[in-house]
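Next up, some structures in C-alpha cells.
Presented sequentially are two complexes of subunit A, the first with subunit B as partner and the second with subunit C.
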Partner chain A sequence: MKPLILHGHERAITQIKYNREGDLLFSSSKDNKPNVWYSLNGERLGTFNGHQGAVWCIDIDWTSTRFLSGAGDNTLKLWDCETGKVIGSISTNSPVRACNFSYSGNMAVFATDKSMGHQCEIHIIDVRNADESLSKAPPILKIPVNGHRVSSLLWSSLDETLLTGHEKGEITQWDLQTGKKLSNVTEHDNTITDMQMSKDGTMFITSSKDHTAKLFDCDNLMLLKTYKTERPVNSAAISPILEHVVLGGGQDAMDVTTTSARIGKFDSRFFHLVFEEEFGRVKGHFGPINSVAFHPDGKSYSSGGEDGYVRVHNFDQSYFEYGFDY
Partner chain B sequence: MARKKVDDKSNCSGDSARNNDGDTSSNEEEPNFSDPDDYVDDISNEELLGDIIKQTPKETDGVESVIVVDGVPQVGPDRLEKLQSVINKFFSKFGNIVNTHYPTTEKGHTKGYIFLEYSLPIHAQEAVLATNNYKLDKQHTFLVNLFTDFSKYEKIPDNWKPPESQTYEGQSDLYSYLLEADAYDQFCVVTAQGQSVQIWQNTQPEPVVVEDRQNWTQTYVKWSPLGTFFTTFHKQGVALWGGPTFTQYKKFTHSAVQFIDFSPCEKYVTTYSPQGDVHNPDQKRIIIWDIRTGQEKRSFNPEGPSAWPIFRWSHDDKYFARMGTDVLSIYETPSFGLLEKKSLKLQGIRDFSWSPTDNVIAYWVAEDKDVPARVTLLEIPNRNEIRNKNLFNVADCKIHWQKSGDYLCVKVDRYSKVRKEKNEIKYSGMYFNFEIFHMREKEIPVDSVESKEPIQAFAWEPVGSKFAIIHGESPNISVSFYEVRVGQAPLLLKKLEKRACNHLFWSPNGQFIVLAGLGSNGGGSLEFVDTQDFVIMNTTDHYQASDVEWDPTGRYVVTAVSSWKTKVDTGYYMWSFQGKILKRVNLEKFVQLLWRPRCPTLLDDKQLKEIKKNLKKYYAQFESKDRMRQTKASKELIEKRATLMEKFSAYRQKRIQEWGEQKSRRLELRSGVDTDELDSDVQNAEEEVVEFFIKEEFIEIE
Partner chain C sequence: MPTADDVKSSWADEVELEGGALPPPTEVRENGFKILTEYKYGDDNKKTKIVRTYKIEKRIVSKSIALRKTWAKFGESADDKPGPNPATTIGGEDVYMQYVTSKEEDNKVEEDGLDKLKLVAADKAVVKCRTCNGDHWTSKCPWKDTALASAKTVDGEKKTPQIQAQAGDSTIKSMTNKYLPPNMRGDGAAKRIDNAGMSGARRDDAIAIRVSNLSDSTTDADLEELVKPFGPVNKLYLAKEKQTGQCRGFGYVHFKFRNDAVKAIATLNGHGYDHLILNVDWSKPNTHSNQ
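Up next is the complex of A and B:
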C-alpha cells in the first residue's frame, strides 16, 4: 500500500474531510489556508485564502457547493466551493473550534473557544440564502456552555439534535427546539478530540486524549464499544462498508522530546468494530495524526498529521479479504 | 429477691432522711453532717468503694514476678557466693533480678531450691520458658516454675473438668501452589505503588488472575526466597501471606520498615527501618524475627550506612554475619549470640560473602602500605582459613559465588598508578583480573583471567561451569563466555562483539542467557543466546525496559518498564526463552513484576537423569496437551466473538429498521434527492472525466 502524500500545507494538519461523493478531499491546517484535493490522484484543486489564523475546523455540505471553516482569527467563513470565494464571514469573540453543516445543509453550527474572558458558545446559523449579510444576521439559536468547552460537535437525528463532545470527556445531546440539554454522558476521562458519524447516522465514534476511542448510539448515547490504545487518540472514523474503525493519534507533539518516532506511535490503527480487536497498523507520519477519514466508498482512507502531510491510502486487495473467524 | 426489695426500700428511706437533714439545715445554721445517733449504716464499704478496695495492695502482690528454681546444687555456706554469682549471671539474661532468696538448713546448706524475683512478670515468664529443664551439669537440671503456679495448682476446684478439646484449625497449605499439575508459575504485578496488587498464574495460552487486591501494600512487595510467603509493606510493619488464598500468615510490627531480608531457608526474616520511628525512639532499626512463631529474636541499631543486606545468612540459616570496621561478627542461631562470643578482628575487611551451599565465608581485606590485599576463605564454625590469596595493586574486589558453590570468582580491579588528590585516591591504568577458585578441588586451586578492558557485568551460569562478562567501552562492547574446567585455566568459548547491552541474565537452569541493554542508554535491546552452540536465537527490544525477570523454571522471560524509571509505556512483555514474544501488556503506573520462586526440586540426580532420558516419551503428551489448550482457547475466542457479533447484529438490525423508516424525512431534508448510497441518486449524477498525467515515456523513433 503506497500512499499518495499530499504536500501543500506548511504547518500541522488540523482536520481532513471528504465530500459526500468522495471525489474531493478537504484539508485544513494551522497555516491559515484550507486546501481541496482530488482524492483520486492527490492533485490540488485550490486553496481557500482569507483566514488570518490557524484553521481549526472545516466542513463541506452534502451538495459540495459550500464550504465552512472556523479559525483562530475569531471568524467562521462560508465559502463558495467552486470559486473559493468567501460568501460570508462571522466574527466571534474567541477562536472557532468546531463547525458542521446540518444534514439538510440549511443550517450550520459552530462552537467557540472558552478564552480571552469569553465563554464557550454554540451558535446555530441559517445558511440557506447566505450572503455578505451573514455577519450581521442573528443566529437562530445561541447556547452558552457553562461547563467545559466544546471540543467537537455533530448534528444528529436529522437536524433535530446536536451532539457535543467536551474538554473533560462529557458528551451532551442538545434539543434544538428548546436549546436545552437532553442528556449527558461521561465515558471519557479526557478531552474528546473528534467525533464522526457512521454512514447511516445512527452511531458515532469519539476519540479522546484518554487513549481510547468509543462507539456510541446517536439517540440514547449508549456506549457500544471501546477501542483501547496506549497513546492519545486524536481522530477516529468508521468504515462505510466493513466493520472496521480506524484510529489516529500518538504522543502529543509537545511531549515528544528526545524520543524517536518509534516511541511516539504515530500509526493509524485499525480495529474491528464489534470485537474491539486491533488487526492492523499503517505507519508513515512522523508526528501525531490529527485527523483520519474514510473515503465514502470505503476503499481508501486518509490521514493528516502534525507533520503537515496528508496521506491518502488505497487499500490493497488483502485488506478486503482479511476476515475474523467467528 | 424479696430481700433485695427491702434493701432498696431502706436505701430510699436513708436518702430521704438525709434530704430532710439538708432541708432543716438550710437556714444559716452550721450544717450538721454527723449521722443521727440511731442511724445504722447499712451500706457496706464493699458496696461504696468496691473498685478502690480492689486496688489495695495484697501480700501476694508481685508474686507474678517470682520464679521458683528447683534442682539447684546444694552447697555449704562457703560456696554460697559462687552459686549466687552463677545463678545471677544465668538468670539475669531475662531481666533485672530484684530479689533472691536461698532457703538454707540450720547448718547453712542451701536446700536445693531458690526464689528469684524479677522486676516484671513478663521476665519471669520468659525465664520459665527458657530455663525449665535446663541442664546445668550432669547432676543438676533446673526445674523452673512461676510462683503463682503453686497457688494455682493448690486451688484446683473439686469439680474441675478438663477443657474441651478444640478442633484443630491447621495452617492453610502453604505449598499448594507447587501442586499445580502443569507446573504453571505464579507472578505478582503491582501497579501504582501497591494500590493494585494482582497475582497471576501463568497458564497457557492466557494467564489468569488468582488474586486481585486493592491497597494490599503501601510500597512494594517481595516473595520469600523459596516462594512460600508473599510480603507486603505497610507503615506499621510487614505482613506475610501464604496458602491457596493468600491469607495472612504473620505480621511483624516495625514501623517505617523499608527493607527486609529472608534467611535462605525461610526460618528468619530481618526487617530494617532506616529512619527509625519518630514516635518510638526505642525501636531498634533492625529486627530479626522468627517467621514461624512471629517472635522477635534479636534487634540491632546499625552504625553508619552499609550495603543491604547488612546481615548475611549462611545457606542453612545456622549463622549470620555482619561486617563492621575491621571486624566481622558472626552470630549463630537459634541462640542469636555471637559465635564463640567474640567477633573476628580482620584489619581492613572490605566485603564478605557466604557460599551459597557451604558454611564458608569469602572475604577480602584491602591493601595497607606494604601488606598486600588478600582474599580469604574461612570455614565456619571452626574458623579455619582454608585458602588465602594475596593480590597486589588492588583498587576494588567483587565476590561472585557460583550458585551451586562449585566456584568462586573474585573480580579484581587493579591499577598501575595511584595518586592522592585532595583526600581522594585516584587510580589510573586500570586492568581487571578474574580470580577463579575451584572450590571442589583439592587445595582449592586458583586460576586467573585478565582483561584490559573495563568490565560492565559479570555473571555465573547458575547451573554449569560457564560465566559471561560484558567488557569494553561503548560502542565497542563485547560479551565473552568462558568455561571453567577441572585442572585447567578458564577457556574462552565465544566472544560476541559490538553488542548493545549492559546486563546479563542467565536462565535459572543455565544454558540460555539474555543480553539486555537496560536503563536510559541501553534502549531496551534484548538478545537471546543459547550458549550450547552460541546461536543467537533472537535480537529484539523492549523500548526503555528496566527489568528482566526469568521465571523460576527458565521457560519464560519477562521484560518490564517500571514507572519507577519512566512514565511512558509502562508495562511488561512476556517472551519464551527463545525470545519469541508471547504477550504485550501495557499497564498504566505499572511498577513491579515478580515471579514466585520455587523450592529446589526434591528429585535426586538419578530421578532427574531418568526423566531426561525419557524426555521424548513426554514430548508427545505435552504437545497434545498444548494443542488441546490452543484449540480450546481459539474456540473460546470464536465463541466470544460470535456472541458479540450476535448481540451487535441484533442491535444494528433494530437501528437499521428505524433508519429505513426515516427515509421520507431524509428525502424531505435534501429536497428529494436520495443520498443514502453513493450511487442511489442516478439521475442527478454527472460523470466527469478527469484526465491526469500518469507517466511520461520517451520512445525514440529511428
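Up next is the complex of A and C:
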C-alpha cells in the first residue's frame, strides 16, 4: 500500500479522528491548529486557527457540521466545520484533556486536568443551540473527580452512561442522571492513553502505558481480551468490518532520542480481536504513534505520530484475504 | 507580426535569456491524469524539474459527502488550489504489512530448547536424521535435496562417519564459551547461515517461480487462479504499470512447497493462457544451483 503522508502539523500529533462517513479526517497536534483533511486524496480542507496551546483532544459530531477541540490554553472550542470559524468557547481552570460529542450530538463532555491547584472535573454541556453565549451557559452536569485525573473518555449506552479512563489505570462508569459512579474497575497498571468504541457500541478498547491494550464490555466493564506488547501503547482501534484491532505505540517521547528508529518499533501492530494474536505490522513513522483510527468502512486506517505526520493507509487486497490458521 | 518572444535564434540565446528566471510551472490534464511540472533551484544551485502526476478519479458518494467536497478551504489552506497541495500532502513510499505469526516464534523457542537438550546430552543422539544420521531432524538436514539424500541407500555407510565427525566438531566448538568474531566462527557461521536459509529468505527464493509472457489484462486474481491448483502459495507478485495498473507481462509466485513449484513449472511452461504461451521457470536459477 502507498500511504498518504499528511504534513500539516509542526509538532507531535495528539489525536486523529474520522467523521462518521469517513470522508473527512481530523487531526490535532501540540502546535495549536487542528487540521481537517479529505481522507480520500489527503487534500487539506482547512485549519482551525484560534487556540493558544497544545490541542489535546478533538471530536466531530455525527452530522459533520460541528467540531470540538480542547487545548492546553484552558479552553474548549466549538467550531463550524464548514468555515473553520469558532462558534463558542469555554474557558476552564486547567487544560482540557479529553472531549467528546454524545451519540445524539445534543451534548458534549469534556474533562479538565488536575493541575495548578485545580481538581480534575468532568463537564457535560448542551450544544444543541450553541453560540457565543456557550461560555456563560452553565454546564448540565459537573462531576468533580477526586482520584486520578481523567485521561480519556467515551459516551456509552446511548448517552446514559459515561466511561472514563484514568491516569493510574482505573476505568469508571458514571450514571449521567445522577452524576454518581456506577462501577469502577482497575485492570491497567498505568495511564490509559486512549479509549475507542467498537462500531456497534457494545465493546470498547483501551490502550495503556502498561504495554497492553484491553477490550471491555461497555455495560458491565468486564475484561474480555488483552493484547500484550513490549512497549507503551498510545492508541488502539477496532476494525469496523473484521475481527482485527490495531495498536499504535512506541516508547515515551522523552526516550526516543536515545534509541534508533529501528529498535524503536514505531510500527502499527495488528492483532486478532478474539485470539489476541498479533498477525501483522506496518512500518513508517519515525517516532511513537500517538493515535490510530480505522476508516468507518474498514478499508483504510490512519496513524498520527510523535513525528508530526499523519499517514493514511489503504489496505492491500492481501489484508482482506489474510486468513487465520486455527 | 513576429514578436521578440517568437524569434529565438539559437538555444544558447535561450539559455542566456532564461538566465536566473525559471520556466513557469505548467499544468497539463490529459486522459485522466493531471501532470504538474515545476522548476526550482535545488540545494546545489542546479535547476531541477519536478514532475508530479495525479490521477483524476470520479467516485459516486452520498450527497452529504459530495456537498462537503464543495466546501471552500479555510484557515492555512484558504489559498490552496483545488486538489492536494504538495506542501502538505505527500505520496509516501510503498509500505507492506508484514505478516507475523506467533507460531514462528513458538518454533524458535522450541529450537532453543532443542539446542539445550543437545548440549546436555551431546553424545546421546536424541534426534537422529534419517538422511545423514546427524543430530538434527530429517527435515532440517543440510544435505536435504542433494545427491546424498538419494545416494543414501547406495553408499550411505561411507559418508555418514565423515558427517558425524563434522557435527561433533561443531558441537565442541559451540561448547567452548569463548568469544569469536563472526568471521572466525567457521562452523558456527556456516551453521547460522544454514539455519537462516532454512527458515527464511533463501528457501523463499528457491521456491519462487517466474511467470512471464502474461497478457496485459492479467490481474492478481487471475495469476492466483492460475497457480492455485498446484498447492499453497506464500506470496504472489504481479508486475504492474505504475499509472495504468496494467500487467507488465510477468509475475513471481512463491510456493510454500518445492514440489508444488516443480509441478507448476512442468505444467505451466508452454501452457497457453489468454492467447499467449506462458514462460515459467525458477525465478533465480543462481541461488537454486547453489543449493
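We take it that the second predicted complex is superposed on the first by the 325 of 326 C-alpha atoms of A that agree within 3 Å, B and C clash if a C-alpha of one lies under 4 Å from a C-alpha of the other, contacts with A are read in each partner's own complex, and residues count from 1 in each chain.
The criterion applied here is as follows: a residue touches a chain if its C-beta (ideal position, glycine included) is under 8 Å from a C-beta of that chain, and two chains touch if they have at least 3 such contacts.
Computed from a prediction, not measured in an experiment: that's the story for all the values here.
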- Would subunit B and subunit C fit next to each other on subunit A once aligned, or clash? clash
- Just subunit B (first), just subunit C (second), both, or neither: which does A:Glu21 touch? both
- Task: Please indicate which partner A:Tyr38 is in contact with in the superposed arrangement: first for subunit B, second for subunit C, both, or neither.
- Result: both
- Query: Given the touch rule stated above, what does A:Gln177 touch, subunit B (first), subunit C (second), both, or neither?
  - Reply: neither
- Return the chain, subunit B or subunit C, that is in touch with more residues of subunit A. C
- Would you check which partner chain A:Leu6 touches, where first means subunit B only, second means subunit C only, and both and neither mean what they say? second
- Figure out whether A:Glu278 sits in contact with subunit B (first) or subunit C (second), or with both, or with neither. second
- For A:Ser91, select first, second, both or neither according to whether it touches subunit B, subunit C, the two together, or no partner. neither
- Given the touch rule stated above, what does A:Asn49 touch, subunit B (first), subunit C (second), both, or neither? second
- Item | subunit B versus subunit C as contact partner of A:Asn146, first or second or both or neither | neither
- Task: For A:Asn129, decide between first (touching subunit B), second (touching subunit C), both and neither.
- Result: neither
- Which parts of subunit A are in contact with subunit B and also with subunit C? 21, 23, 38, 40-41, 43, 325
- Query: Given the complex with subunit A, which residues does subunit B contribute to the contact?
  - Reply: 543-544, 568-569, 571, 586, 634, 638, 641-642, 644-645, 648, 651, 655-656, 658-659, 662, 665-666, 669-670, 675-676, 678, 688, 690, 692
- Task: Flag every residue of subunit A that touches subunit B in the complex, lowest number first.
- Result: 20-23, 38, 40-41, 43, 62, 103-106, 158-159, 200-203, 217, 224, 230, 251, 262-263, 273-275, 296-297, 324-326
- Message: Residue numbers of subunit C touching subunit A in their complex, please.
- Response: 59, 61-62, 64-65, 68-69, 71-78, 80, 83-85, 87-103, 220
- In their shared complex, subunit C is touched by residues of subunit A numbered 1-8, 21, 23-24, 33, 35, 37-38, 40-49, 64, 82-85, 270, 277-284, 311, 313, 315-319, 322, 325
